[in-house]
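Naming follows writing order (A, B, C and D), and every chain is counted from residue 1.
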Amino acid sequence: MSLSSKRLHEEKVFKDPVHRYIHVRDTLIWLLIGTKEFQRLRRVRQLGTTSMTFHGAEHSRFSHSLGVYEITRRMINVFAGRDHWNEEDRLLVLSAALLHDVGHGPFSHSFEKVFHTDHEWWTRQIILGETEVNAVLRQVDPQFPQAVADVIAKKSSNKLMTSMISSQIDADRMDYLLRDAYYTGVSYGHFDLERILRVMRPECDQVVVKASGMHAVEDYIMSRYQMYWQVYFHPVTRSSEVILSKILWRVRKLQEKGYKFRQPPRHFASLFTNELSLDDYLRLDETVMYFYFQAWQDEEDPILRDLCTRFLNRRLFQYIEFQPEKREEDWQKLQQLFMEMGVDPDYYLVQDSSSDLPYDVYRPGAGERVPIQLLMPDGSLRELSQESNVVEAISGKKRTDYKLYYPKDTLSACGQRVAREEAVRILTRG
Amino acid sequence: MSLSSKRLHEEKVFKDPVHRYIHVRDTLIWLLIGTKEFQRLRRVRQLGTTSMTFHGAEHSRFSHSLGVYEITRRMINVFAGRDHWNEEDRLLVLSAALLHDVGHGPFSHSFEKVFHTDHEWWTRQIILGETEVNAVLRQVDPQFPQAVADVIAKKSSNKLMTSMISSQIDADRMDYLLRDAYYTGVSYGHFDLERILRVMRPECDQVVVKASGMHAVEDYIMSRYQMYWQVYFHPVTRSSEVILSKILWRVRKLQEKGYKFRQPPRHFASLFTNELSLDDYLRLDETVMYFYFQAWQDEEDPILRDLCTRFLNRRLFQYIEFQPEKREEDWQKLQQLFMEMGVDPDYYLVQDSSSDLPYDVYRPGAGERVPIQLLMPDGSLRELSQESNVVEAISGKKRTDYKLYYPKDTLSACGQRVAREEAVRILTRG
Amino acid sequence: MSLSSKRLHEEKVFKDPVHRYIHVRDTLIWLLIGTKEFQRLRRVRQLGTTSMTFHGAEHSRFSHSLGVYEITRRMINVFAGRDHWNEEDRLLVLSAALLHDVGHGPFSHSFEKVFHTDHEWWTRQIILGETEVNAVLRQVDPQFPQAVADVIAKKSSNKLMTSMISSQIDADRMDYLLRDAYYTGVSYGHFDLERILRVMRPECDQVVVKASGMHAVEDYIMSRYQMYWQVYFHPVTRSSEVILSKILWRVRKLQEKGYKFRQPPRHFASLFTNELSLDDYLRLDETVMYFYFQAWQDEEDPILRDLCTRFLNRRLFQYIEFQPEKREEDWQKLQQLFMEMGVDPDYYLVQDSSSDLPYDVYRPGAGERVPIQLLMPDGSLRELSQESNVVEAISGKKRTDYKLYYPKDTLSACGQRVAREEAVRILTRG
Amino acid sequence: MSLSSKRLHEEKVFKDPVHRYIHVRDTLIWLLIGTKEFQRLRRVRQLGTTSMTFHGAEHSRFSHSLGVYEITRRMINVFAGRDHWNEEDRLLVLSAALLHDVGHGPFSHSFEKVFHTDHEWWTRQIILGETEVNAVLRQVDPQFPQAVADVIAKKSSNKLMTSMISSQIDADRMDYLLRDAYYTGVSYGHFDLERILRVMRPECDQVVVKASGMHAVEDYIMSRYQMYWQVYFHPVTRSSEVILSKILWRVRKLQEKGYKFRQPPRHFASLFTNELSLDDYLRLDETVMYFYFQAWQDEEDPILRDLCTRFLNRRLFQYIEFQPEKREEDWQKLQQLFMEMGVDPDYYLVQDSSSDLPYDVYRPGAGERVPIQLLMPDGSLRELSQESNVVEAISGKKRTDYKLYYPKDTLSACGQRVAREEAVRILTRG
């Protein structure tokens, strides 16, 4: 019997703080959760370094993935029996929902910038390659893995399915907003999920929302806006992120220079040669990264040693508002002064802007995620920001937050009084 | 100026999902939180393997320690100006509250059983040894570290202080019940913390509770009872715990036998020789443990390899109810059958009883933690279970839950049909 | 087309703070909610005088009735397709759930004691008499009203249905515990409704609960226990109740004596002659009662005037612990002293015991409500308190709380110094 | 001893679902709560007819008034010891916070429109006239009642105090948003009260908010915006409000015409002659109104009878979108058709626009409530909408929602086929 029609003898549930219970009826889903590639997500935190700012946010991508599955499941319950929804697509969407993040590595954002990896590419490898996930999916049908990968990669001809897990109001975002709000403990991030699900309708090309539910959607967009500015772009989190990135750059640089590591970055080795195998990649979880960070506190290289110690003990960089194009001269001068002080500006004077982050506010016109369409009483569709003042106000207006990060403590301890005092003067001029 | 009277220019707060905000006014507390020994608690989870059962429970001892501090701080606000409470003890109790768990290592419970370490002993080393924590505490007074260690070790002559963080209704338990309930998402574990704090009163030897608040205390005791049976003693969590313990035993055994590890347990080395230094101990966090578990999936030794693979991929053991003294014959027979099947019963046939766990229900008469005293309207004290039917019903009655764990999947795959079938017969006889 | 198969074009929902949404799909249910007899429940509060103690508890029987319907609806979703459950009974149980309290009048408890009315009797009249409710029910089938009345009156041969809305763990109690906890704001009263529903199973004679859900049921029983002692039996609530009862007694007495009211109790008239019609009864809601209480503040009769003023302005009686059989002499003496002071003891010296109240703790053996049966893994049934220490501890043990209520302010103002001082001496002796 | 320095022996608390506990330490506050004028607020609901739409919203102005007091109390705790805050003003602000709504009558909004009463005027009478409230306030100081009245009336020279209870972000609004959200059960209306209080600072003329808390304030403004559109302006609530107003108009009209009531509006009598005494006013609570509505179901006048029956049994009017100035012709025609059908358009064809309601969105420039000022890091002040895109987007833009209400059921039953069909055509043209 194909796995496509197998059901568990008794429904299984996972206790979940956000959705109360996560319900599993299909044997396929149960088996996918049990694969080692999916279990690995327990060792990758959802919010990377955010727990340095919000100590409660220590939840993993495992929890989030279950949540995306559960929201999708409930969405399907609403769609059942309606036009444009084909019940035969159920397992396909559920699998895609569950597996959409399976290729994420630790601290993805920093990692990918330094090593040019791409979690979406790895997601496809895990689904299509020689993995337990693939073996389970093939039990449905030999074409099934490809179909799942296509939905996740937005290459499926069925755009409705894609929009369920990847659009401006999809199961992915709805889960992470609620979940990140719950674990950080902030009061933003809440919205009426049940109401939104009730007013969602399947259309030919995408999920739309009945106009009567517009205010619930506004509330969701506002939650998102608040979470971005209050949590995701928090300057302290970005400070940890800056240090983390610089560690990775340093390792790469040292490796290139032929530096002899006391604890060689064995797990990273093939990264440098672009020969990273799937197996290697799967071993690179957060615990392994931490192992190296800890070991590297004893390296000879003072920069790697210092950065790792900072990261582990949360000795973060200070920051000031600093928009480079407006202060080009200060920027040049600071770099020079840092060099005079013997503090390498490549690692210790870091510009960072929030627009570098993989989050955005609602943008109706651009981006790959389809905008939100309201289903009007007369059956026509209207893009959300056309109807909502509030959404119009925040959509598209990309606000960038420029910061300059530097180690205040190192400067204080620096013996080059003249250079130091001038640097401090510039840094505190604001 | 001694650190004892230094206050931060502006109060600092930590956003906390359980207590909403954690408030820090004292420079001493702020500095302690910033020490590397305290930051290390971010890498030790509060509930060890519980997240294998309740996926949301990924919170660290760092969060919990802040919570215990915060509850103690609020308790002191209630005590302020009352008899028996000496405002000069404030920083001492707060420091003890914050640091009471600082000596915990990863998976303490299993770890300590195998390697005979003792987190309380390490807590004292961290407070009294050459650490950042010690350096900060000394700034208050050279005797201060010893005083803090004494309160935590219940050796202080001031029993009131000890009872605030270590009694049957202390800041420690109140935080972990609320926090573990929040992160697991179970509906037990809630009680009216604010009400309990309002009715707490300092007495000569301990904190007592006004009789008018008895029902709130009953509710707390019941939460505790429910959390024990529903969360802490959950048989699936214990299954992960069993595997973890057996990994550690196996490593120890292999080391003793002179086995050549592909990835030698360098971080554990001094454990075997009983020469573990404080520095070594502090490096042993959960991420390091996971690094080894992952590496050991490639060891030659089949038992270590298998157990590590199980632990990482959550291939847990099955369990049945099994009280050994009642089924001595079955127990002998099973061991023999396992050996026949080539499945080493030392690692794959494991008895486990809940009474081994470091939790208990309310026991008025015994144990080191002082029982709960109600302050009656006439000023006399009455032990809680004398007044409360409910508490009386559950107190002291140590209920043990006996389980036998074994790898069902391994048995199914075993070729020794006769032995296997007989073993299965015994295991399913119930 | 019979109403039994009519469904609304679109599901209607009511926003509910306790259950989030209350869902209505059946035209029958929608029409019943719209009847004037059901709408009248908006003018009868669920907890009578409790809002004098817990100011938030101003919710009506209308809200509660919707809640009982909703829980029953969810219970049916769990039962669907299982043995012993007949889908054809769906509308019958839902109607009974919705209407089970439709005969309640204002302050039922006090009212019924004084005037010997019976809300259950009135519920039947409303369902079977010439009412809008009856007219709607008849559209299903001419026998349908009788069937609904029988389920509510526990006279139906189908005991399973009865137990869904009237047993030791029924939709009625589960809603009122959660709802009363929500509106009072107490932290007791919460339990995991979703979990309990998930483990409920229909059996031949009653709803039972899978043994694996025992702890959730324990939690429910404990919530109940706490709500009784903390909310329902609260001595301040009982003080308001005492005054209310005495107002009604006084009106009855005055009417019997031929007293000339300034505001005659027109709405109560037929009560005195036992000729109360259904129409009269339906007009007797809480707002009408308050109208009279307010008007009677200007009556000539000093007792009625005083009691009404007290009730409206919350000038409640004081109370002391007082068990009459143990202090017979004091009791006689107090009555005599009150008479000497000119304070009529019939109205101003009132014994009250909690066991008079229409709530009880769990009693497996007695009472009309069937006890809770656990469905064991082997298919057998076990009564809950046999399995649960906690439940055993509180079940059946009827604890009575005796109080004596009196107007402390009146005594203080009394000129009979000798009598007063002696009375105070007795009252404060405790 | 003046009441200004008296404190209760033990702090009293009220359990409150929104703020958990309301704390009272001052004897003055305790006595004010006990006055009959304040207790009367238990009989006036906070949201009038809203419970016809959101059945949970049955809470009274009593609860809300306690909540405003509590928020003000917490605000003062934050202000203590800061510039611009004078601790001697504490009791004055607290009294004003507690009493700011004491003059509200039942269904104030409709009532005031028909009878030209003014709850603010009555608030002053209650504070300054011969009342229990006044007697308590005088015990502080003979000038104290006037001072309290001035703060409430915004006539005090101390504008800081006024802004605490009456500005764009005051204790009044913050309580009602949280409370109304809690009781309706909607997911909007929540914001981080604790955070906002933490960043509030007293300035010379008003309370300001530290810029670092801007996002919390944005969230509050958005909650307000959502509550207005989702709850306060809900078209079904306005339908009940329309019927209520028409009842009052009809009574007034009948009284003017000399109609002989079966149940004469005795409590309203002096309203018609503009001789309403304070005593009369205080008796006019919601229960009295309902008494008359019920009695008037039996009046001879068919309009009064019908409207009262509709109100009590929730037989509301239907509504359509209808902007009169855009459809002047339809409007004239409809009135004529209604007259032809014998359905008096003065009572049964009612225009209503949301801008008539006593709520508004944030308007920085206009209105009597002072706008929100952010306290920038450099000490300057900036009006909120200058800094916040989101607030700018919704502030000032008064969006009016025009509706036309009519009794669809009456039309359906009407025999004038031609007129009816034409009316329906116009009404459904949209």
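Here is the rule we go by: contacts are C-beta pairs under 8 Å (C-beta built on N, C-alpha and C of every residue); 3 or more make two chains touch, one makes a residue touch a chain.
Quick caveat, the model's predicted, so the values are computed rather than measured.
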Third chains touching both chain D and chain B: A, C
Comparison of B-C and C-D by number of C-beta pairs in contact, larger one: C-D
From chain A, the most remote chain by mean C-alpha position: C
Whole-Å separation of chain centres (CA-atom averages), chain A against chain C: 52
Averaged-CA centre spacing for the pair chain C and chain B, given as whole angstrom: 44
Inter-chain centre distance, chain C versus chain D - centres from mean C-alpha coordinates, in Å: 31
Residues of chain B touching at least two other chains: 20, 186
Complex interface listing, chain D residues touching chain B: 13, 20-21, 194, 198
Of chain A, residues touching chain B in the complex: 14-18, 20, 34-36, 39-40, 42-43, 51, 54-56, 58-60, 62-63, 66, 182-186, 283, 285-288, 290-291, 294, 312-314
Touching residues on chain B, where the partner in the complex is chain C: 186-188, 190-192, 195, 215, 218-219, 222, 225-226, 229-230, 389-390, 392-394, 397, 399
